[in-house]
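Each of the next two complexes has chain A plus one more chain, namely chain B in the first and chain C in the second.
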Partner chain A sequence: MSVFLARRFLSFLITVSGASVIIFLLLEVLPGDPALTMLGVDAPDSAIEAIRLELGLDRPAFIRYVDWIAGLFRGEMGLSYVYKVPVTELIGQRLHVTLPLAIGAMVLATLVSLSLGIFAATNHNRIGDYGVMGFSQLGLAIPDFWFGILLIILFAVVLHWLPSGGFPGWDEGIWRGVRSLMLPVFTQALGLTAIMTRVTRSSVLEVAREDFVRTARAKGLSRRAALWRHVLRNALVPVLTIGGLLVATVVTGTLIIENVFALPGLGKLIFDAISNRDLMVVKNVVLLFAAIVVVVNFVVDILYALVDPRIRIQS
Partner chain B sequence: MARMTSIDPEHAQGAADLGFVHRALRHRSFMIGLVLTGTMIFLALLSLIWTPHSATEIVIAQRLKPPSLSHWFGTDQFGRDILSMIMAGAQTSIVVGLIAVSLGAAVGISLGLWAAARRGWTEDVIMRLSDLNMAFPVILIAILLTAGWGPGITNAIIALGIYNISVFARQVRGAGIAMWEREFILAARAAGKGDLSITVAHVLPNIVSVIVVQATISFAIAILAEAALSYLGVGSQPPNPSWGRMLSESQSYIFFKPVIAVWPGLAIVLSVLGLNLIGDGLRDLVDPRLARQR
Partner chain C sequence: MTLLSVRDLTVELQTSRGMAAAVRGVSFDLEKGGTLGIVGESGCGKSITALSLLGLLPDGARATGRVDLDGTDLLSLDEDDLCHVRGNRIAMIFQEPMTSLNPVHRIGRQIAEPLRLHRGLGGAGAREEVLRLLHRVGLPDPARRINAYPHQLSGGQRQRVMIAMALSCAPDILLADEPTTALDVTIQGQILDLINELVEDTGMGLILISHDLGVISESVDNVAVMYGGAIVEQGTTDRLFADLVHPYSQGLFAAVPRPGAVRGARLQTIAGTVPELADLPPACTFADRCAKASPVCWRETPAMTAFGPGHAAACHHHERRGDA
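And then the complex of A and B:
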């Protein structure tokens, strides 16, 4: 197991380092002069020179890269060019919205998809199964941003039950914050629920056909007892794996959902930063997202190997 | 045995193809997918020579008109005909999807085949590069390209193409490795054939079905992703019609004209649903064991 862990950890380090190099190259080296990228080609020379000095862009690219990474190890991401505050502070503020949105969507999707998937599998090839599979097929095809707009039309414009967007902040009361995040969480959960329902259903069906389940039934266990004691314990392994991998999808999905509902989270921050050409913010937030994706994949690999010894032996 | 060897291989292949077509025609969801996707392609092709009105001309006097005989889906906030925009938007989706998937498939399939044939450190390097690629979901690649070079449809195509490289490389590597362990490949090796000729003559033709299924699903994902990128303003730019941007523009008007947000969304859903149904259907048709499990 320790060899497996060491190999996976090395691969994880290489991937994160590679990601940081790619981000730096794409933002600060390949497009040309970052000062020009930030101010535009029409900016006066004096302004371009000033920003070069202010952000240290006059130094060689390699030195700037090393400085960036060294700063990250010290917990510093530099100053936002537009807001004039540390990028870490901006990210910290925005996580108050992005994190509850991502966690809420993941929890909701897990609860609904496990129930629907088990229901569909236990009613295989019956009307309930067809209904769940139809919902799942539709959930995969509906773009989340359109589903969000439809929810706004129904719950905000027609019924006036929930706000159409924005976020008042947690200081204004937990209930007001939760109400503002309800539609975004439902929106984000749709696609995840569709995928996880399919995986749960096919996994339960597959395990239910295994010999040990037949043996359990032959020993006199009822269908329900066999399902809860034997099938689900084994069927949940692939579901958890897919669920883990979907965390990355959820995190990047917040970028879109926050724009639909005008939520002041990381997604809004990064798109505002693109409009304002605030490269310091773009660079650090993109690395944060890429790192989350890599960390999640790493953790899923480890968990999977812990649950299924064949994986670590093969590796 | 004598009877078996006397069967003409070409005739046998023809009979198998005919069986596939018959099974495909009886596969209900595959046929629904085919009709939906066929309609999208037909509308896109038709829009090259004809649309009910101009898809880009702004007619302020006609703004936000409800559906009528002259404008079947109504008009948007600039008085443009929504049906014509949806027809022209299909072109954008198809072109972006086709180029991005072809780009990703060409590079990804080559890398996947190479990794499966060589194994060892070649495979390790390709898989680590693929890990790196996976660290950047489409939207992050598009954000990086837009921040560096400004928004545009080319960025959306490149972002989707890069994303698809690792998808195809992983899929093809897995299928390829399984193929390299089969007896007929061993026989080809014993006959003195090299890695490249075995890959081209035996491995690739035997994993075509895997590639076709993946391409169909990737195409559906590309349509969704292109719409999302255009919605966010980092994909297709005005005046080029795009379903995603139509949705983004309609969002300001949903409080008094919610219907204009319905049509582009429906177009996306039906196109993606069509391709997903084709993908699922093809998987069932090429591997009936999967159909029984599903």
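And then the complex of A and C:
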């Protein structure tokens, strides 16, 4: 298991380093002067020169890259060009919104889709199965932002149960914060739930046909007991895989959701940073997104090993 | 004393072409401690027959007839009652030891499961019993292997684990569905010997399914030959092998390479292939592949007719066998 962990951790380091190089190349080295990008082609030469100096763009690319990475290890990400505050500070504030949103959506989607998927599988080819599949088809077909707007119309405009957008900050009380994140979480969870429900259902159905489930039944286990004790754990592996991949969708999805609901989160931050050409912010937040996705997949790998001893013991 | 009595067992399965009978009017008896072999080509309904004894047929299947275990008709039991029979009074082992064990649970836990279920045994008591069983089935180093996962064992060892599991609640009947087919030839003999030895020691009944006449002739007292879902010939092993009556049994036996046969000599096989369930002839299911078939074979299902003491066959032509 420790060999397994070490190997996984190494591949995690390699992936994040690779991501940082790609981000750096795309934003700072490939044709297109970052200073020009930030100020626009019509900016006076003096202004462009000034910002070059300010950002250190006059130095060779390699030095700038090393500087950036070294800064990361010291916990520094430079100053936001627009807000004039450290990027770390900006990210810190915004995480207060985005983390609960993303985790909430993921947890909700997992709970609902596991229940629905298992329900559908145990009612295979019956009305309950068709119902769940129809729902998930709908969930796949509906665009997130549109569903978000529908929720706003229903729960905010018509019923006045929940705020239509914005975020008061956690200082204003947990409950108010939670209330303003509810609709965004539902919105984001919709697509995830639709996909994971399908995966759960087909995975459970597939495992239920395995020989060892027949063995379990031949021992005298009821259908239900065989499902809980022998099917589910095996069926979890594909669900974990897809769940891990979907985290990337959740991360990029915050761009849309936070815009629809006017939430001051990371997605909104990077959206605005791109519009304002705030290079420092874009660079670091994109790397953070990449790191989150890689960390999650690292965790998923560990979960795999916990679920399936064949993975654990091979390595 | 008759332990298991199967009468007119018919099983219809859902196929892509509608319901089709995979088992047709099968009848046999198993004495207490008796051994019965069921032999026949792939697809003739051996496994479906065995699974119907446990009520583990595929979804949508319909079984009719009677399966009496000590006078209780298993076909009329509900799920809960069947769960008390499975693994407790009738245990089953399967062909594929590679896939028949759950890959994510330790084997000790898998063997203990029926003990907990039917005997209420848990903790140290269950562990002790599992160790005893592993020892009994000849798994080397049980104390260490009890914590192994299936993928850490060889095929033969896994089949021993399956046998330990089946044995755990001292069943009245062991159903062994091609228990050696997936194993190396050298291991096959060992597993078969183990099963025979256990049957002798514990006095449980055995229904051994195989398409290998050699395996059958060595291990059981009675044989039923199946074709197209029906038993075409049955009898005591000695008599049946001494005097095969049904054209299908004769063909099946001729298809077995015998020791001493010239290497490379063509294996004599039965002409044609086993048709799909829905395409089986309506009366005698072997009619379309049988050299002796006549119009009556397509019209009337042949009845099981005694051919000698402890030997019967279902063929319109068997009495003429001597003439040919």
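Everything below uses one rule, namely that the second predicted complex is superposed on the first by the 284 of 315 C-alpha atoms of A that agree within 3 Å, B and C clash if a C-alpha of one lies under 4 Å from a C-alpha of the other, contacts with A are read in each partner's own complex, and residues count from 1 in each chain.
FYI, a contact is a pair of C-beta atoms (placed from the backbone, for glycine too) under 8 Å apart; a residue touches a chain by one contact, two chains touch by 3 or more.
Since the structure is predicted, the reported quantities are computational estimates derived from the model, not experimental observations.
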* Asked: After superposition on the shared chain, which partner residues are touched by A:L221: those of chain B (first), chain C (second), both, or neither?
  -> second
* Looking at the overlay, does A:F212 come into contact with chain B only (first), chain C only (second), both, or neither? -> second
* Touch count on chain A, higher of chain B and chain C -> B
* Asked: So, A:I274: does it touch chain B (first), chain C (second), both, or neither?
  -> first
* **Which of chain B and chain C A:V3 touches, first, second, both or neither** => neither
* Can A:R233 be said to touch chain B (first), chain C (second), both, or neither? -> second
* Check whether A:V307 is in contact with chain B, with chain C, with both or with neither, and answer first, second, both or neither. => second
* **Contact residues of chain A, present in both the chain B and the chain C interface** => none
* Partner chain A, residues of chain C touching it in the complex -> 54, 56, 79-80, 83-88, 91-92, 94, 96, 99-105, 113-114, 117-118, 149, 151-152, 162, 165
* Asked: Along chain B, where are the residues that touch chain A in the complex?
  -> 128, 131-132, 134-137, 139-140, 143-149, 220, 224, 227-228, 231-234, 244, 247, 250-251, 254-255, 258, 261-262, 264-265, 268-270, 272-273, 276-277, 293-294
* Asked: Which part of chain A faces chain B closely enough to touch in the complex?
  -> 11, 14-16, 18-19, 22-23, 26-27, 30-31, 37, 137-138, 140-146, 149-150, 152-153, 157, 164, 202, 205-206, 248-249, 252, 255-256, 259-260, 270-271, 273-274, 277, 279, 282, 286, 289-291, 293-294, 297
* To do: Spell out the part of chain A that touches chain C in their complex, as residue ranges.
  => 210-212, 214-223, 229-230, 233-234, 307-310, 313
